[in-house]
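Per-chain numbering from 1; labels A, B, C, D and E assigned in written order.
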Amino acid sequence: MIDQAPAIVLLAPFLTAVLVVLVGMKYERACFPLVVLGLCCSAAAAVQTLLQVIEAGTLRYSMGGWPPPFGIEFRIDGLNALVALTVSTVALISAVYSKNRVPEENGDKISIYYTLLLLVVTWLLGMVMTGDAFNLYVLLEVSALTSYALIAMGTRRATVAAFKYAIMGTIGASFYLLGVGYLYIKTGSLNMFDIHEVLVAENLHQSTTVLVAFILITVGVWIKMAFFPLHAWLPNSYAFAPTTTSCLLGPLVTKVMVYVMIRMMLTVFDPLYTYLQLNWGNIVVWMAVIAILAGSLAALAQTDLRRMLAFLIVAEVGYMVGGVWLANTAGLVGAIYHLIADVFMTLCVFLFAGIVFAKTGKRDITATHGLFAKMPLTMAGLVVGALSLIGIPPTAGFFSKWYLIQGGMAAGHWGYVTALLISSLAMAVLFFRVFEYAFFGVKPAEGHGDHHPSGKGKFSEASASMLLPLLGTASLVLLIGIFNQSIVSIITDFVGQFNLTGSIMR
Amino acid sequence: MELLEAIVDGMNYWIFIILMMIGLYAMITKNNLVKKLIGMSIFQTAILLFYISLGVKEGATIPILPHYYAHTSQEEQGNLVGSSDQAHAGKEASSATEGGKEKPSVAHAGSPKIDPNRFTNPLPHVLMLTAIVVGVSTLGVALSITQKLYTEFGTIEENEILDQLKSGDD
Amino acid sequence: MKALGLIAVLGTGLLLLAASRDFPNWGDPSSPASSYRLSRHFITQTINETAVPNMVTAVLADYRGYDTLFEAVVIFTAGIAVIGILRRYGNRDFIPAGGEVHLTPKQPDLIVESTVRLLIPVIQIFALYVIAHGHHSPGGGFQGGVIFGASFILLALARDLRTAQNWVAEKRMLILACCGILIYAGIGVLCQLLGENFLDYQILHRILPTDPVMARYHSILGVEIGVAFTVTAIMFSIYSNLSSNGQMKEGI
Amino acid sequence: MTPPAIISITPVLASLVSLLAVIPIILLGGRANLREGASFVAGIVKFGLIASMLPTIMAGSTIEYTLWEIVPNLAIAFRVDALGMIFGLVASSLWIITTLYSIGYMRGLKEHAQTRFFSYFSVSLAATIGVAFSANLFTLFLFYEMLSLATYPLVTHHQDKEARSGGRTYLTYLLTASILFVLPSLIYIFIKTGGGLDFVAGGFLEGHVGGTEALVLLILLTFGFAKAGIMPLHSWLPAAMVAPTPVSALLHAVAVVKVGVFCILRVYSGVFGIEFLSDLNLGTIVTWIAAFTVVVSSLIALTQDNLKRRLAFSTIGQLSYIVLGMALLTPKGVTGSMMHIAMHAWGKITLFFCAGAIFQATGKKYISEMVGIGKRMPVTMAAFFIGSLSVIGIPLAGGFWSKLYLLWGTVEDGRFTMLVVLLTSSLLNAAYFFPIAFRAFFCKPEDSRFEAKVEEAHPCAVVALSLTAVVTMLLFIYPEPFFALADTATQHLMNR
Amino acid sequence: MEAQGQEGEIVSQFWIFDLILLVFLVTTAVIALRVRDLLSAAMIFGVYSFLICLLWTGMGAVDVAFTEAAVGAGVSAVFLISTVLRTSRKSSD
């Protein structure tokens, strides 16, 4: 009996999406439970896959039973399995969160919205699992396509942003496609692992074509992940999209693209090629430094809460790109761990922003006025997410920064280390500004006077479907931080196969 | 004549690059949204052109087996593949192909052995079929966004939309 | 913006040009893309392994069937996305910012209508032929589906969107699209249920009265039909949304 | 001589108990008496737990417990030694008294959000004890950050404009310094030593880093623990005086600032090692920085009219005594600096209690308004006088002993400049404290209300401040426990 | 074998046909982007698609050509036209 878990990870949300269209025509209220059920199956299968990978090493699943390179193959190692689990968990959380938001924001298109949501999850999962370079292109383009729709279902600013995203996203995906074509012309293969074998066996690393392919793929992926000078599409898209959309796409899309970059750099091209032969690490890390600083500073200048968070994503992308290009184990482990940690902490703050928007109808940072008194649990969720973004132990964000800084120091790249620290500070300023609004919002009667005993009546927390995901994510951020060793050991196993310099301190 | 051939040889690559540059330039600089999208389509077809070009083989025909191949080999395949395991057969077949590489042009009409040089490479075609579909889907979605923008802003000129956003409250 | 765009474009062009000197000769049969075992296997072995003479169809629907499933879902996604973005339900008084676009009302034209009436069945039969004959000639589910969808579009263009909608209502189209996807994915899942990988058609010989190779052959046909369903439905759905600006009232 | 380590969970419990106390405090939020009862119980349990470890530590042993290995080679681990014990004892005993005092103060002023106040108070204490009992630099850093964050709501308790700007300054200084200076040094040390951050009596950095690196690390770590208030990173302390007085008292005279100097002491002794520092002659640089802070802050204190601000600047100076004593790197100096943690804590908290009591009873904040106040609040002002004695270092109060040892340390090292600095600063201390007490008792009050009969603050507050004043005097007569602990610690550190 | 010979000849002379097509292709692409009337632009884009479909037939990619004829010259053009009619025909550039 062949193990089907890897396929189910993908098929569950996909088939549910089709069902949601059919069922949604008649019974609109059945959509939400169906979505949650589908995503639960997916998450369970992802857990199963991860466990198998931990137990038995790389897992292979040939679609159509054709052995690679003839067919398309899933080759799931620790990295895929971890990221897939992350994606499906986030999808599940956002789906639960969407229960009240979707009817409110897109009341007449509930089933359509849910279908698109499930489809985008399918695409993202597919991207994470696939071992075929061309298949990845299809998924890349289609996940973007679905995102355009999910974003364009928001306000009119979101529509403008979606168009911009459509143009830039197509350019990015097309660059990637060209890059794959350039690889194909030299190797004749499309399977990622097979391409790598041919590249090594025929010593194609000297060829200009392969170099151009590398540049095209990297630039294409950078556009998609909003790496700093190419980030123009991101802030407005995530700031003005429907709440659930930004909760789902904001954390995931950029991170999945970082995964694609890592996969391309390490698995398709060789680390020897990307790190040693090209030797661009220094330049790219400096670009990452600029991205981190620009993202953080731009975030400081925002007054719109979600726009501010969107700029944080730009900064976080800089973290990861820099970490990967540091070209040592600690940096790479840090980048991958940060990928996972950042998904949850970004999700946490986006969920918070959504709750604030739902409760107050305002997008501004000042909308958080006095929330500590009114919604203490919600604020607790935000505090965890924010502390993690700032990098305060024992949240997940601290440990990712810990490894990244180790990587930066081991590579002797002090600019990167400084940028990380400065951006931590910028985030501290950002979030404490929010905390201040939330804390000082209620003017106490001339500073004194005990109004606590009557305080219980004025609590007005968000509904459970919004609050529980936030608290769940917050506790995940803590758990990922506290149990970071087990995650890091999976990542280390993955990174270990590339024999990079500088092991992480044991 | 040789010079001409040299040009002709690289011609498709040249044209692909030119078309791609035209499309990309239109995507970046055109102000009208529909124009941007036309540029996008041209950009995408340029990439298709590139892929198809690299599948071309001198002296090869379309990747559809003529009838005589099909019939003979269908008789053959009864004992070639038969009930044996599929993946196993795949391996066998591929090793047979490796052998064929050393002595090409063994193919003659009627033989079940197919000369790979007689047919164009089908793989880029398959890929580009998918890419066309993706392209038209993107175009459809982008056009619907354009229409939505028109209903919301009353224009499909990018600068006018941005001006409205700057002056507007939302 | 223009200068920046020009620089970006020229940069990309130069980059691509730089590599093209390194390319194998035009049409060289020994270029890596053509001589690698992947391409050779597809050319020489498809007939043995799937019994389909059209290699493109075989590779599309079998070797890379997983990709093609997504190709069909791409179309499906696009259809849903267009509905999501554009569709406006109900008769709410909605005045777009640009004002209502008034097209000149369509005059019934005898010649056009009769021609179309004559043409549509022919087109549809041709579409069916393209779908069914995809194994032996160019064509397949996707092309056939587009042609089939185009026949409805033609109807809507010649008569009116409402007339076409009477034939194929919006919901029915969506159901058709879903069915297409379900046929495709269903075949894949069936293979899983029989104990093989997703989309591994050869195992279907257990329930089909054929050997494994012919099982592949027939499954490819089934898959193509699924694709055709989806493409037909979605092409028309996108068209009707785009041409009526999401109102589904009057087309162009 | 390595004393045998005892594995016991007691230090963890000691830190946890006040963290857990938050739950009953929140649950009992509505009923003030029970809520504060819970605080009390937690305080007493905490003190009991710490005191129960005292005999073991006095015997020269240590108590260790590794809670959780969070990153390979990096654990949240606890270890109690003599140095940590001094600090733990001071902080936990003062918590009980401060709770008593804050009941009086908060009720007297009818402050809002008292539940929140007591909850964060407990959390801060948990963090403080965590710092005291950390076994490695990482755990130390963790609790250090926790303390910064937990005290923020306390500092900004009034939630008005002034509190906001004060809180901003407070967090900006503390977080900036710790993230920019401590964290990178931490990781750098981690990489250089190949994964060791555990405090070792003689330091573990020797052989891993060169002279210049050591200097840079030393400076980064000295300034990074900005809670120690070494100039120029001191401005947060006066700014944080916007907090309610019990907070200022416990956190800014005792817990927070002492955590800062304690961290510096720990790093000097446990990371660098006294011998390593003196080999590289790095102590001198720090003594100069500290000496500068001592003199300048005393001069600034002279010019302050706001009593709490004057106390704040006095604290900055006194903290630098401790750093200075450590940086002398002589046995007597180190002993003196450790004792000064305890002695100054008792003295200074008395002074803050008095300032709070005055404010609560009369609403006066400025020294110029306090002329003749001794007639109205004799107990408070008497306690104030005793507190001043201790801080200045005059016999009859505990501060005398620590200052004596500090002076002895300078002589031992032959650093007469430092001797002069210490003496000058003592004079300055006297100059800014004595006039207050003098004018309170012997001048004719400008405010006629002071003529009236004796009217002290809320009884809880008075009891608390009398208690600390008495203890301050007792410490002069019987400094034995702290002296013995400091001596044990010094021997342990100096003899490797 | 006969068939092969014929094909070979066709291929050897194909470049003239190819060249003409490619020149037309670039021209139509430029015109489609230059013309100010969007309806014309959409039409010319249809022509462009048709040309590229011819080119692909010449290269032996019949399936792709078929698809491009149906999708590019057919459906895409209709989509573009319906959008143009539903929005505005005029373009500023």
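Here is the rule we go by: contacts are C-beta pairs under 8 Å (C-beta built on N, C-alpha and C of every residue); 3 or more make two chains touch, one makes a residue touch a chain.
Treat the numbers as computed from the prediction; the structure is a model and nothing was measured.
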Separation of chain D from chain C in steps, with touching chains one step apart: 2
Co-neighbours of chain C and chain B - touch as defined: A, E
Chain whose average C-alpha position is farthest from chain A's own: D
Interface with the most contact pairs, given as the two chains involved: B-C
Taking each chain's C-alpha mean as its centre, the one farthest from chain E: D
Length of the line joining the C-alpha centres of chain B and chain D, rounded to whole Å: 73
Rounded Å distance, chain D centre to chain E centre (Cα mean): 81
Distance from the mean Cα position of chain B to that of chain A, given in whole angstrom: 31
Length of the line joining the C-alpha centres of chain A and chain D, rounded to whole Å: 43
Per-residue multi-chain contacts in chain C, two or more chains: 16, 23, 27, 31, 33-35, 37-39, 41-42, 54, 56, 64, 67, 70-71, 74, 77-78, 81-82, 85, 98, 138, 142, 200, 202, 238, 242, 245
In chain A, residues with contacts to at least two other chains: 65-66, 70, 134, 138, 141-142, 145, 148-149, 152, 178, 184-185, 190
Pairs of chains found to touch, sorted by chain label: A-B, A-C, A-D, B-C, B-E, C-E
Chain C to chain B touching residues, read off their complex: 1-2, 4-6, 8-10, 12-13, 16-17, 20, 23, 25-29, 31, 33-35, 37-45, 47-49, 51, 53-56, 59-60, 64, 67-68, 70-71, 74-75, 77-79, 81-82, 85-86, 96-99, 136-138, 142, 200, 202, 211-213, 238, 241-242, 245-246
Touching residues on chain B, where the partner in the complex is chain A: 24, 27, 33, 36, 40, 43-44, 47, 50-51, 54, 86-87, 90-91, 94, 123-124, 127, 130-131, 134, 137-138, 141-142, 145-146, 148-149, 152-153, 161-162, 165, 170
Chain E partner contacts - residues on chain C that touch it in the complex: 27, 54, 56-57, 98, 101, 103, 130, 138-140, 142-143, 146-147, 149-150, 153, 157, 235, 238-239, 242-245, 251-252
Sites on chain B touched by chain C in the complex: 8-14, 17-18, 20-21, 24-25, 28-29, 53-60, 62-67, 69-70, 73-74, 76-77, 80-83, 86, 89-90, 93-94, 96-98, 100-101, 113-114, 116-117, 119, 121-126, 129-130, 133-134, 136-138, 140-141, 143-145, 147-148, 150-155
Residue numbers on chain D that touch chain A, as the complex places them: 29-30, 68-73, 76, 109-115, 141-142, 145, 149, 153, 156, 158-160, 163-164, 167-168, 171-172, 175-176, 179-180, 183-184, 187-188, 190-191, 194-195
